[in-house]
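One chain, chain A, links the two complexes that follow: it is found with chain B in the first and with chain C in the second.
Right, the complex of A and B next:
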């Protein structure tokens, strides 16, 4: 890799006959954003060039499923993009292969970066030793969407009402789901799992955390998928699937279709609910024996070490993370800057979710939210769990035994 | 005892069609589902996933993919790349196949094995050196690598192989007779051999077109801007700000990207099947 980079630098030096390259720099910015999110990033890139006429930014949209694959080939082939989005689950892999640039020297020397404004939980993933290898733009706790119409049909108190009475816990979640199933046999009560089983590490993690479970121990050296808290969370989903109040694994039931009473996801999911015909609202995740906890979804801006214009790339990251710009990206991604997160402007920015609900489900949850820190080979660990999902949730399965087996398979990967 | 023969035949043939129709359902259903789901709203697709008939037909999905996304540009890219790849693969495949079958030159067998190796190596294993090569040539982020990798990669090698096998089956007496009549090598190739190779040319052409049309990996690696994308990549870009898929738009776009292939197959079906049967019997 080092040799390759040196050779490439030689090559670029040789090809520097084009003197204009020094005057005008073109940055490649990669993202998996689509739709309006992509349009906003393109607008921001143009605005940045207006302010810095010597730096041009090209926004490249790459399908999320192939994002890391493409970046890896380009980095290895010596045409790394300069700057881009990095997903939380791939950040450790990029950091351990030294593919990200340490932004800390720049942050330290630029008081305008106001790094102290970032919520501490939003930075844990990106810090390693003294270095800061990315700046988060999204700080998105998982919360519960619920279908008001289905609750009304079942004639039971809504999660918001339960929350007000301090009765919004996992037992209530399970009972409400059963009641909905009873009142509306064509619908399902609720689920903590996603449609795509490879993305299992979402809502169910909130249930695991709030009963004291986790995927790994603190230093990621051993698997704790078989701990009592994790087993409890998985057993609840197994029960719900068995009783028919939660959709079976792989069954194509979405919250947006109106056939699902409760569904755990993030703010960005609300984009799919813009013209549904039922009424809905959001609440924090239920609380469990160890309190009210949830998973914090994250993504950040990072500068790639393969970039030949690192200085300019860092400048662009600074621009994107500035309070003024983050205020604008906040309409899609809950901002990690506390000053913006707490502002009325942010709380009123989502046309679909009332400010009061957003305050309760996003703001108040953030203190109990935990970012998922994964080892560099998360993809392999995740494969083990996904492979075993069908077995774990079989009606006759002994969840504890199955999760023991999962840990037996994961542990060798962690050493 | 009066067996009504025509009616019996009618009965047996209608039974035959009935069985065939039932057997065809598993193959037809996914395509039909895609066609009808592309007229539904995103919510309706999931409300009752198996329903084939939309509650209300809306063409909105189709207008949106052209209006909000560079789908038209991606369509044009896919079509022109596939046409160029098909034409060049046919020309090179026919010439090289004829050379390997009829001409004698030193190192012929070794070269043929080298050529075949392009077909046998998985493309992912070669991607990084290829990427570095195209970077050196300065043609990354253009359509050239995608076209070249098809023509000189697995597709091209398969074309050379198929053409060579076909020319080998043609009797050498044809060449000799043509030579006696005063034709030179080029004349033999162009006037005698090529017309005889029509069924194989059709098969090779269809393979080349399909491989290029469905190529996902190379465009993913080499293309950087959405306007340059080809359809398989473009189909993955109908997402919300954080990458959640809009299935209604994706299905509308998939429908449009499948239709030309379906039509082409329906039109060329006879020749396609003939060429497959022909080459297997003779080979």
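Right, the complex of A and C next:
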């Protein structure tokens, strides 16, 4: 009797679990978001399940530094996540290894997707032939953060004031940095590099673009790191490091510490400035001989080919990319949908940055900004630059010669 | 290996109380460990040489290439550079570590009240997690506001950018690792020193040997088995170091030893075949060095029990 009852219970349990397994699908969504951004994604996942009770979404956060590593190994091991974020610099590698699902058939058949709303520049990276392999959620130009207190201490006009006078160029950037260093010897004037040299390809690209330089030529067939414009940008950083107005490689100084006058980064960096004790603001990148240009950072949602629930995963991407949801993620990521980007609601979405500054540094810059399109083996190419970085910035270095060497090493990788 | 103790009678070494059932229980106890060992240790060890014969760039499927990965190594400038850096690294690290450890052990063998304190102070870095240790040093070795360069500045010396300039990056890594590990070797040497019987020293003294002669002719030979073991373990440890070097320098050229190169090929470029070939290279280097020393030990290791 006892046995019979137990067996019966087991049986019902088993049948229940198989029944629910047939109905309910669980998606794994990977992201490198942390803090409030991650919380928002988790909330969105719960909301999605409420609307689609048969689909459960688990949000999994992986640190950015090991994101591609984990994903690639999981894909190769047959435990690929279903859907997730893809960074612009990794997208070509995933696309060339056919790890991303073409979303175009779904987009075409679904009128609510309104792909025409996306800024054309935001889609170039994700399109290949007829296919669309991801939908961007972030359209984030690099701009300049500056420490108002340090400018006041140095008694010089702020970048915003210079901008109003149309004098905000790289010469002014360099001169302001030197003035700050003079007034505050324990601080640095400014930098175009990030703390981690591996992520060098950010602010300094804006300086390269506005002097006519670049990393590659148009079809990515040869290295142009030794072009005049690029050399100019690197020479400026070399000068600033030599004079002490910019931190040397490896100096553990961040803008958030209050010891850096000017720092180039994206909107998402503002998340680290919520508790700082100094006053700051943002301006567009300075202008150079070829005008005012900057780098457009991007990231997108993609469905991975290894997913066993591609249909449901695409549904989730469609939900996240809908105008209503993008309005909410816009607080952290400037939205590629033009209808949202140009709305007042967006300009007032960031509690830390005033609407007027956001309009100047994000909206006005977006049109002239350039997305960085990289080859599939960007990891190797990037590493060549990183390995040579200390030689390039050495005070005695001939920057042009060093960058020639860099190109000699990169060109064979571009075959 | 060469012990000649009389064989222990079987009946004594294996009490047979419960028969095969108790053996089963024993096996069950060992099973979880054996499973883990097989899956996570022996399996990968066997897989690596096979993987090294394939061109396998994740997430693509592997393709047979035979010795392709090995021939590629010979022309790869990055790898030849890494071999050179690794040789320099081992040559700088191992003697510094051993000589320093021996010297410290000799100093601490002197019976004073402070000896206990110094022993603890010198050993404490050993128990600090390596990555935490390296992170702290990254701050200490900053070019402008790092502690080391600030202190050097007070002396009127402009310090280098320790972690980003050749050859300083390698030197900084060696110093940081020696300080971390020297305590362990020191403790082992201290144990060996205290095992040297006092009568032997006394006898040598009576024979008129000075302290220098006592050390080189009596103490050191008596310690030689310990020194031998320590040298081998330190060399293997040096060839295996990865985490602190990576955290300190990010694997830049100045300190990119073979382990860092292997990691880069495997987990940055996802070239698993090539990374496997490189790990074989490192394994062969360790094996050769250990074998050579094993052969040479007859020349300088005495009193092995």
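The definition used in the following text is that the second predicted complex is superposed on the first by the 393 of 415 C-alpha atoms of A that agree within 3 Å, B and C clash if a C-alpha of one lies under 4 Å from a C-alpha of the other, contacts with A are read in each partner's own complex, and residues count from 1 in each chain.
Here, contacts are C-beta pairs under 8 Å (C-beta built on N, C-alpha and C of every residue); 3 or more make two chains touch, one makes a residue touch a chain.
Note that the coordinates shown come from a computational prediction; the quantities given were computed from them, not determined experimentally.
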Based on the shared chain A superposition, would you classify chain B and chain C as clashing or fitting together? clash
Given the touch rule stated above, what does A:367 touch, chain B (first), chain C (second), both, or neither? neither
Of the two partner chains, chain B (first) and chain C (second), which one does A:332 touch, if any: first, second, both, or neither? first
Just chain B (first), just chain C (second), both, or neither: which does A:379 touch? second
Is A:252 in contact with chain B, with chain C, with both, or with neither (first, second, both, neither)? both
On chain A, which partner touches more residues: chain B or chain C? B
Touching partner for A:76 - first (chain B), second (chain C), both, neither: both
Could you tell me if A:268 is touching chain B, chain C, both of them or neither one (first, second, both, neither)? first
Between chain B (first) and chain C (second), which does A:152 come into contact with in this model arrangement: first, second, both, or neither? neither
Using the superposition on chain A described above, determine whether A:221 touches chain B (first), chain C (second), both, or neither. neither
Go through the superposed model and pick first if A:63 touches only chain B, second if only chain C, both, or neither. first
Would you find which stretch of chain C runs into chain B in the superposed arrangement, from 7-15, 79-87, 205-213 or 241-249? 7-15
Footprint overlap on chain A, comparing chain B with chain C: 69, 73, 76, 252-253
Sort out for me which residues of chain C touch chain A in the complex. 58-60, 138-139, 141-145, 161-166, 250, 252-254, 256, 264, 267-270
As the complex stands, chain B meets chain A at residues 41-47, 49, 68, 127-128, 131-132, 135-136, 140, 220-221, 224-226, 233, 236-244, 246
Report the residues of chain A in contact with chain B in the complex, numbered from low to high. 11, 28, 32-38, 40, 58, 60-66, 69-70, 73-74, 76-79, 138, 252-254, 256-259, 266, 268-269, 271-272, 275-277, 299, 332-333
Can you check the complex and tell me which residues of chain A touch chain C? 69, 72-73, 75-76, 97, 99, 186, 196-198, 244, 247-253, 377, 379-380, 383, 386-390, 394
